[in-house]
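These are the structures, in structure tokens.
First chain A sits with chain B, and in the next complex the same chain sits with chain C.
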Partner chain A sequence: MTRTLALCAAAALVAAAPVPQAAGQTKPPAVERDATTEEFEKFRAVLEADNPAELFELRGAALWKTPRGPKNASLERCDLGLGPGVVKGAYVQLPRYFADTGKVMDAEQRIVHCMVTLQGFDAAALAKQPFSNETRTPDPVAITTFVAGQSRGMKIAPPQTRPQEREAYAVGREIFFYRAGGYDFSCASCHGEDGKRIRTQQLPNFTRPEEAIRSYQGWPGYRMTGGVMHTLQWRLNDCFRQQRFPEPGYVSDSLTALLTYLAVNSKGQVYKGPGIKR
Partner chain B sequence: MADPMKIRAKLDGDVLDVRVLMAHPMETGQRKDGAGNLVPLHFIQTITAQLNGRPVFQAETSQAVSRNPVFGFKLKGAKTGDKLSITWTDNKGDKRTDEVTVPTA
Partner chain C sequence: MQRLAALLLAATAPAILAPPAAADDPRTAAVTALQRDFKPRGIATMNFLVEDGVQAICNRTDDKPPKEIAQRLEQDQLAGIRWPADGKLVGDWKSGERIAQNGRGMTWSDPANAPGGGSCYNCHRIGPQETSFGTIGPSLFQFGKTRGSGPDMQRYVYGKIYNAKAFSLCSQMPRFDHVGALSEQQIKDLVALLLDPGSPVNK
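Right, the complex of A and B next:
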């Protein structure tokens, strides 16, 4: 051993700190940008370089390939809209219409559908505890993260060619503006105008294309609080909880409609892959 | 079985910049579960790095490190084609080793 190997720097361990969530990457013209937001964006840029979401992508990739379930089949024949087994670029082209089910489906809904039809898993069992917690990440969450990661850097392009897809958009828009619940809220109450914020968090206006991407960007996302991986299914579920609406069904058609509305509004924007959240 | 690590190694001159993402619950022993019981300590205790089978780095870590941690260090004298392997061992004796080949700069 003649060559000396020297360590240049001590190991750095990055710990998760609870910090307010920043505004996204697009600059809302109507909002003045404050120092807190600017600083947080620097912090986020550092975190994005080493995002633990990648660990869930790895796990999801393994789950995709492994024969599992009562039918002992892998998901490699799962059609996400671009043909059986094609994952690359599928996420940014969802939700879309599927002829085999006769309806519009979003990414996670389609993955659950494949797990049920190809692998023989029980849909009711998958919907029982569909969201991640500190000790458990459900398989559809990891698989959705993997699928989303395979669309990194691609433009969001959900099709609107079939009548069912246009109908899903129209229904989603209806849900977005529908006011109800104990607070008489709608999604649009917080996300329908420029320059709104909750405490330090700026709220993107999802009706405008430049900002609608922020409904998609960052999801599926690794949440530093608790260190859990979440998908858009969880995000929307939590939005409805905050509005004090009845809980929407997991991978339900209502959520798909709302996701269609958000995806179509984000059309043409670049998806950066699974993100990291406060 | 522990989930795989994600190892990124970037060569800049003869300095190798290594970033490792590890999947681990890193339980502090302070957290309570849904039923109110303490979740027992479960954390990565040692991390070692080997270059072509030769130990080049060892760290002892505590439960103060976050869940799914990122671990980074720089190494001098590595070259393209070298095999870098990282191993962690936790307090329950669970282990995981992953290896990457150092890519061209």
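Right, the complex of A and C next:
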């Protein structure tokens, strides 16, 4: 089924003609809507109707309830910020400050923390191969997908009441605009303006809510390229790879700060739940 | 007794009520966090996290440096360009198209000492046949046809690809030869792609 749709999309893409641009023309319109983009949007709408991400939500739900690990405990006492075991609405109120760790934590970072402290799993082992491939989806990915799904339809609302939360936002903002690496890229190089795309991939502007949500709402996301389930930890890792930076640590605090910046910039927008991508 | 009480109080007071440690400004805290949390991998080594001069000034001025400073630093960048010894700036446009299409190079998933590409289509419209082009940079379609392809334009295009910051200090375009991503021949081939009247870009 997926392959047929992929072939249809490829055929449509070949047939599509881009809007001709005169050489030396100034800025394109605010949202680039040429034929190429239109075909991809149609393709995405068709596939959103049956999203394989739902299978990973179910798997994550089972992992949440099942006693596992050296301590043979479930995650049902894990506090995601709204109290032990409260999952509904937690994802959209992350990242946030946690008194028990004394720091701001994002969703996947907190889930890994619970797996380590409640279930006795080894943090280093979880960080060794944290991203999905065609044959394996790590447990934190499935659990994060489940947790995110439990905030479906809710407004993004990470708290900024504690000084640590405000500091995380400020540090995240600095990282967002920090140009470095072999190509002099920052996150803002691609995500700092309206109407840009890289090849045919639209690049939402993370500095304003109506745009930031277009990216934030798609993660965790089922990626058809490779048939894999990915979270924001993977997405940020792969961004830094393409920025020609060295590699950020899995669930490290630099990423938490950046995720705080992204989440706060999406504030008030509705989270649609785990998404699907090309 | 008082000293013991004070010690006990300090030990049991929750972190939130403790007087805050002298907080770093966000930039310092960010750089400290990056140095602590990032690890080298493949050819992406930790030196790439340290700002060089151009990155440092662009980061501190929101990519809008004062004009006098920008002009001087652009001149410095221009002075650092190594022009081809044979004086030829135009190569083969067919190779140029392949180089423009190739998005590899300088990432931790690229092998060391293997030639990469220019990733040009990531940001630019270039040839008429390629619909998968980005819009981060301006369209280069019909570049030579509309701008001319004489020696001055060849010099500008060669220099721009070699070190884009020589012409606009905080440009988002990478400095391809300055950083060693593209070779002299590769840049010549890209110049041909844009300026050769026989290139599809100019048809």
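To be clear about the criterion, the second predicted complex is superposed on the first by the 248 of 278 C-alpha atoms of A that agree within 3 Å, B and C clash if a C-alpha of one lies under 4 Å from a C-alpha of the other, contacts with A are read in each partner's own complex, and residues count from 1 in each chain.
The working rule: contacts are C-beta pairs under 8 Å (C-beta built on N, C-alpha and C of every residue); 3 or more make two chains touch, one makes a residue touch a chain.
Just so it is clear, the model here is predicted, and its values are computed rather than measured.
Residue contacts after overlaying the shared chain place A:V46 against neither chain B nor chain C.
When the two complexes are overlaid on their common chain A, residue A:G227 makes contact with chain B while staying clear of chain C. Looking at the shared chain after the overlay, A:R241 reaches chain C, while chain B stays out of its contact range.
Of the two partner chains, chain C is the only one touched by A:S254; chain B is not. By the touch criterion defined above, A:Y178 lies against chain C but remains apart from chain B after alignment on the C-alpha atoms of chain A. In the superposition on chain A, A:C190 makes contact with chain C only, not with chain B. A count of residues in chain A touched by chain B and by chain C gives the higher number to C.
Taken together, the two structures place residues 13, 16 of chain A in contact with chain B in one case and with chain C in the other. Listed in rising order, the residues of chain C touching chain A in the complex are 14-16, 20, 23, 26-27, 29-31, 33-34, 36-41, 44-46, 48-51, 54-55, 58-59, 62-63, 106-109, 121-123, 125, 131-136, 138-143, 145-147, 165, 172, 174-175, 179, 181. Note for the complex: chain B touches chain A at residues 3-6, 8, 15, 19, 21-23, 25-26, 31, 33, 39, 47, 51, 54, 56-57, 59, 61, 64-78. Interface of chain A with chain C (complex): residues 13, 16-18, 21-26, 28, 32, 36, 99, 102, 162-163, 167, 170-171, 173-175, 177-186, 189-190, 195-200, 203, 240-242, 244-249, 252-255, 257. Residues 1, 3-16, 49-52, 54-55, 58-59, 62, 134-135, 222, 224, 226-227 of chain A are the ones touching chain B in the complex.
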